[in-house]
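We call the chains A, B, C, D, E and F, going by the order they appear; numbering starts again at 1 in every chain.
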Amino acid sequence: MSSLNIFELERNLKSWLEEDMPFGDITSDNIFEKKHKGEGDLIAKEEGVICGIDIYRKIYELIDKDVELTSNFIDGDLIHVGQKVGTISGPMASVLKGERLGLNIMQRLSGIATMAHAYSKEIEAFKTEIVDTRKTTPGLRSLEKYAVRVGGCTNHRFSLSDAVLIKDNHIAGAGSIGNAVDMVKKSIPHTVKIEVETENLDEVLEAITAKADIIMLDNMDNEMTSKAVELIRSKSSYITIEASGNMTLDRLKDVAKTGVDIISVGALTHSVAALDISLKFKK
Amino acid sequence: MSSLNIFELERNLKSWLEEDMPFGDITSDNIFEKKHKGEGDLIAKEEGVICGIDIYRKIYELIDKDVELTSNFIDGDLIHVGQKVGTISGPMASVLKGERLGLNIMQRLSGIATMAHAYSKEIEAFKTEIVDTRKTTPGLRSLEKYAVRVGGCTNHRFSLSDAVLIKDNHIAGAGSIGNAVDMVKKSIPHTVKIEVETENLDEVLEAITAKADIIMLDNMDNEMTSKAVELIRSKSSYITIEASGNMTLDRLKDVAKTGVDIISVGALTHSVAALDISLKFKK
Amino acid sequence: MSSLNIFELERNLKSWLEEDMPFGDITSDNIFEKKHKGEGDLIAKEEGVICGIDIYRKIYELIDKDVELTSNFIDGDLIHVGQKVGTISGPMASVLKGERLGLNIMQRLSGIATMAHAYSKEIEAFKTEIVDTRKTTPGLRSLEKYAVRVGGCTNHRFSLSDAVLIKDNHIAGAGSIGNAVDMVKKSIPHTVKIEVETENLDEVLEAITAKADIIMLDNMDNEMTSKAVELIRSKSSYITIEASGNMTLDRLKDVAKTGVDIISVGALTHSVAALDISLKFKK
Amino acid sequence: MSSLNIFELERNLKSWLEEDMPFGDITSDNIFEKKHKGEGDLIAKEEGVICGIDIYRKIYELIDKDVELTSNFIDGDLIHVGQKVGTISGPMASVLKGERLGLNIMQRLSGIATMAHAYSKEIEAFKTEIVDTRKTTPGLRSLEKYAVRVGGCTNHRFSLSDAVLIKDNHIAGAGSIGNAVDMVKKSIPHTVKIEVETENLDEVLEAITAKADIIMLDNMDNEMTSKAVELIRSKSSYITIEASGNMTLDRLKDVAKTGVDIISVGALTHSVAALDISLKFKK
Amino acid sequence: MSSLNIFELERNLKSWLEEDMPFGDITSDNIFEKKHKGEGDLIAKEEGVICGIDIYRKIYELIDKDVELTSNFIDGDLIHVGQKVGTISGPMASVLKGERLGLNIMQRLSGIATMAHAYSKEIEAFKTEIVDTRKTTPGLRSLEKYAVRVGGCTNHRFSLSDAVLIKDNHIAGAGSIGNAVDMVKKSIPHTVKIEVETENLDEVLEAITAKADIIMLDNMDNEMTSKAVELIRSKSSYITIEASGNMTLDRLKDVAKTGVDIISVGALTHSVAALDISLKFKK
Amino acid sequence: MSSLNIFELERNLKSWLEEDMPFGDITSDNIFEKKHKGEGDLIAKEEGVICGIDIYRKIYELIDKDVELTSNFIDGDLIHVGQKVGTISGPMASVLKGERLGLNIMQRLSGIATMAHAYSKEIEAFKTEIVDTRKTTPGLRSLEKYAVRVGGCTNHRFSLSDAVLIKDNHIAGAGSIGNAVDMVKKSIPHTVKIEVETENLDEVLEAITAKADIIMLDNMDNEMTSKAVELIRSKSSYITIEASGNMTLDRLKDVAKTGVDIISVGALTHSVAALDISLKFKK
């Protein structure tokens, strides 16, 4: 669980368990006693990248320390159809209480990791990296960005607070790209880079002149992207170049070929298909 | 915003805004002053059912009461490609601060409402109703179930606390369906129905005998479903019959024809495709 | 602690301890060191049904894991005057810090359980069950409803969210009982029953026709109650019949004789007399 | 609402409303629209002292600012059977959502204020004052102590943090009353008085010598109480004298006659009988 | 950690750790694995009174139970330049995550304790005690008042809720000191003392007559202070006398000589100089 | 209140008010009624930079909207001894309830802004900027960093999450500076700069080679600092150079002369002297 806020995670898991059990599990609590044990296997129903094992385990630490989740996998491993991803055993009522939340999280995070893996794999021959966006599920940003990393991509900024991204509205407000960069630079930590969104080569040139740290090429076709990369590299080897806008899997290689450093992909998190994993109880 | 917990909603919206701005918007805050105004139109990029208008408006009430969101639509309306769904205007920095969260929520909820609409439409000629499941996004259950209703379907239970669903593990634990129903009935409010999950006609018969209020036909093919419906109806006109398990859109009519009252569909919420809606600023 | 929300319970207990010690126990903290041990017996000063043992123990888990609460009783057991209900031992300052909250809760819950026991005992020869109402102490609903169950009664709905109760205002708003039931049925989960409150036989008939799941006979005398039961049973064996309004202990048998399924009693929780239990320290 | 923590109050009211509506009022929300108005009168069904009017009003501020609660009474006024205590009007669904919580609080606080009034009235000819104890409902201490003041009594300490009360265990731990007082005095604010609990005249003498600010005469009969008062007054006019333990209404005058300054009464809060007040809707 | 609210402390420590790591430590988390161990010594760079050892240890309990903080000191001990105050060892990433918060707290609390020690030492030959004020850092009052006690002084009231301090505005509002005292006495617990702020001998006399428990001599010079003490002592041996206003270290002895019981010093907390303590890692 | 988290601010202000009034202001609440008005002037007792006006105003919005704080100043303005900084008027009890918290915050923030102003003024002839550190008061980081900006300096990273700072322990853990930079770069957002702490010229060279974005010269004397700047500039014009360690006011100019871009100063926040501002009531 690299680089997660463990206090936030625990608070969230408790709150999500309460969402699912505001006043207990009225089925299991009235049938099972503590002595009824149960055991089930987590089975992959689809191929993909597993993500969320430690989080699933953490759910049971919160519900009942007598439940054990064992697994030979770690987050990031590839799993295949029919493969046993792990085993959950302990008091049956407790196992059932965590089942749904655990699966909801694991399926969603594994879905993201699987997609991230596919995207990063597609251009592994290039130095270009894939990053996510702020199009994450409200309340799940940390976990979804974690899943993106697990899948082999990296993250764009975490929020509006930790990096600058100057868009057309900002430019209009400030009068010019140069003004916008200057206004921001005066007030922000020197540890943060300034990124400028550009839509054509004129704006790219302005951004270079304004000493942007990162230039985003927004919704440009591959040809304009290539020209923009050339223009930037003719002036500076330091500027990070990011391509953005409608970056589907089948376009990735062509975009990577233009020499951009970064491709940002909203689809990694905004329309997640859950990876099908189920908990199969032993009779 | 029918039947939402307004205190929970406000608490969540604040927390999601903080997720996106833990220490302000370091771009906009350093460029715009209060006097800089902005205005943008919410534009549908896909056809679907709009959901989340009042929630988007609520976001701006929390950020800055000077931002106005006007719309001729209400949640549940059909929207078409290119149509203007609403207009957001006010201090530019404030408009931008709520943009991403508002779109993230509206796109997701509209995606759910759109799918729910398609499912309910498919069998509108039948008395059968479509319901959701507990396969919702952690933290978003209330909103996602709201979107399901907006789209024309209804909800299954909200949590493990407000309805009983006796599954195979419970039956094994209790010894029989009859035992399980009796154990639960002794302890739960008389206002709550008891549902029993069955996998074959023997179990269906047991569930009828045990006086289950709802019988779920789990993963049965259409033929067995038909037989189960006949069996149940031959004994009681009161029992609600629910079909569940792999209920894809193209199967719905055939299942509805069997005479079941309810079809539950996990796909309504577990793999949401966001409906594409964007905020287009005016120059 | 069947069917309690353990996260809510822990949060509440901490908050109640803070209510009693916002900045420590300035008497004990300045007199006792960790090594000062103390031991006291919980002594019943009245006869009744004990409730709250595990919760008292949980209080000490939060304050100081070195305090032990041992008991030969479980919630629901009858206790007699002078009987030792349990023993608390550990560091004296810690024992004292939990004493008042533990007693406040145990006395109150035991008071409720004792009254619930008396009510359910009164009509144990009948199939009729006693249920509570929403007239609970703000913030204590889960615990008070738990005590009602421990005393041998069952619960009415937990809140306005988990069951429907159509009262005269709703009927007026909807135009008729039939309309009200239809309006609600369209929107609620199929797992929830619909109850209709009636004040005379005409309304009872309307409620039957509207296919209410539960019919409440509100403030009817025994004669009218009997007639209502007959009327309902002549039409349906499925409808649950609930008698409500001023259900004092001495009326219960007569009401039960009418054949109602359920009698709801606000007094179970709205005017709790604490059961006198004290902590007697050993010298 | 004198001397209440308004932030705590608002937080509590929200949390209690959520306890009663975790996901909305599924009856009213599906029947009423915003335009349906309702109006009801708060009617006293018993004689007593009203308490909680402003809190009831605050509940509606949180639910829906369009609901109005008007009243000719203020907290502390006497109300008589059948009297109209106030009127609530506004959107019907909103009126109904606050009804139960408002009544639960008002009935309970009025019950406490009514009892406090009876106790203080009983000895109004004396200079002795009645105070409450820490035997309050968990989570409601501030409100219950407020109701005690409204009824004409005053409060004992609010918690273990804001005043010192040295009991037998502390004395045993410290070796003597003198030691205990000295140990505490060294560490506590000089703004706080030190009270010592005594069970016989020897202890009273020790407490005087130790310069206790308040001496509690615990469970003494009237004769011993008289002697203790004489003993204390023979030494000091400054020490506050408090009688405690089983202080029933019919004993109060005799105890007051002994000349004690304070009588503390646990019954004021530990076994509250709700004062019957109902909301009668207009047709 | 005498007389601290342990639940508040834990909640605060978590929140302060989240302030410093809202989404992890992106340096350490990406370099160290669990197996990388580290060890560092806490070294005093200035002479003073150590305060915060148990709190520093508590920080690591929250971050990672595998980190150990050992120390031969307890809060209140004198430490000298170059002395080793303790040792922290465990997984390196965890050690680093708690380092800054631990030092920030320990340096600040030790700074306060050191100043409190100097003040109390200055007048140790007198019976006069030094107390703090409400000029504490928002959110840190409990901890700062704890440090004041550790340094050898005591505390003034904790808040506006736990003691009465009648100032000139109150006197103006009430009409006179006598009125103000009477108005308050009627409503407050008998366990709380009433303090009156006075600026001249006339007011002192009024306060005596009004039976104030504590009289504050505000901003009086030493001569007037002496006269006030004489005046008070000529009337009562019970009244506590507090001198306040600009009480610098070099004035303390002269003020103490006047015979006041208490000197209150805002500087103890309002302008804290951190005591320099560093964590020196072993290579 | 540029770039503050308004939800966090409101939550904190409420919590700090509760710290000072857990159960009301027992002096003012028992003396003043709503109709008693009061008015006071905020008077500067020292020269400095004012900071916290809007926050003081926000405190009164939370306590009582009838209190008004008017001022001709904005945060960042210079104020002189005796100058009126603002006027607070409204119901007297409410004015008093916010007085202490408002002053505590304003004095502290103005103290920081005043020191920041002095530091930035000292080197205003240079292009070098002064930044703060993470040595802030727990719970007050956002506000203290805001005050630093108000005073004319800028901020270093906000937390361990939003920027990378590789120190000697990290280097040891990774094996070399180059390794450390590479390990981190793989996992962090491309929007964040990587800073490396160096103690000698060899390390500076390594950091250059490793392509650090920022090089911190830690505890170097001015001569070595000069050499380091030359070395870095001979290789790159892009790297930001930060001097750190014991940066007292009188050293600043000499350090700035070396050509470093940034000087970081822990003293800006770790040992704040409150700026003396008082609230002088009008008779």
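Operating definition for what follows: contacts are C-beta pairs under 8 Å (C-beta built on N, C-alpha and C of every residue); 3 or more make two chains touch, one makes a residue touch a chain.
Because the structure is predicted, anything quoted here is derived from the model rather than measured.
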Co-neighbours of chain C and chain A - touch as defined: B, E
Any chain in contact with chain C as well as chain F: A, B, D, E
Listed chain pair D-E, A-F or A-C that repeats interface D-F [over half of contact pairs the same by residue number]: A-C
Identity of the chain that, by mean CA position, is farthest from chain C: F
Chain whose Cα centroid lies at the greatest distance from that of chain B: E
Where chain C and chain D are represented by their mean Cα positions, the distance between them in whole Å: 23
Between chain C and chain B, distance of the C-alpha-averaged centres to the nearest whole Å: 32
Intercentroid distance (Cα basis), chain D paired with chain A, Å: 53
Touching two or more other chains - residues of chain C: 2-3, 21-26, 30, 158, 161-164, 186-188, 192
Contact pairs between chains, per stated definition: A-B, A-C, A-E, A-F, B-C, B-D, B-F, C-D, C-E, D-E, D-F, E-F
Of all residues in chain F, those that touch chain A in their complex: 2-3, 129, 131, 149, 154-158, 161-164, 186-193, 195, 213-214, 238, 240, 242, 261-262
Residue ranges of chain C touching chain E (in the complex, touch as defined): 14, 17-18, 21-26, 29-30, 62-63
Interface residues, chain F side, partner chain E - complex: 12, 15-16, 19-28, 30-32, 36, 38, 92, 96-97, 100-101, 103-105, 107-108, 111, 134-141, 159-170, 172-174, 180, 183-184, 186-188, 192, 270-274, 281, 283
Chain F-facing residues of chain D, complex: 2-8, 142, 158
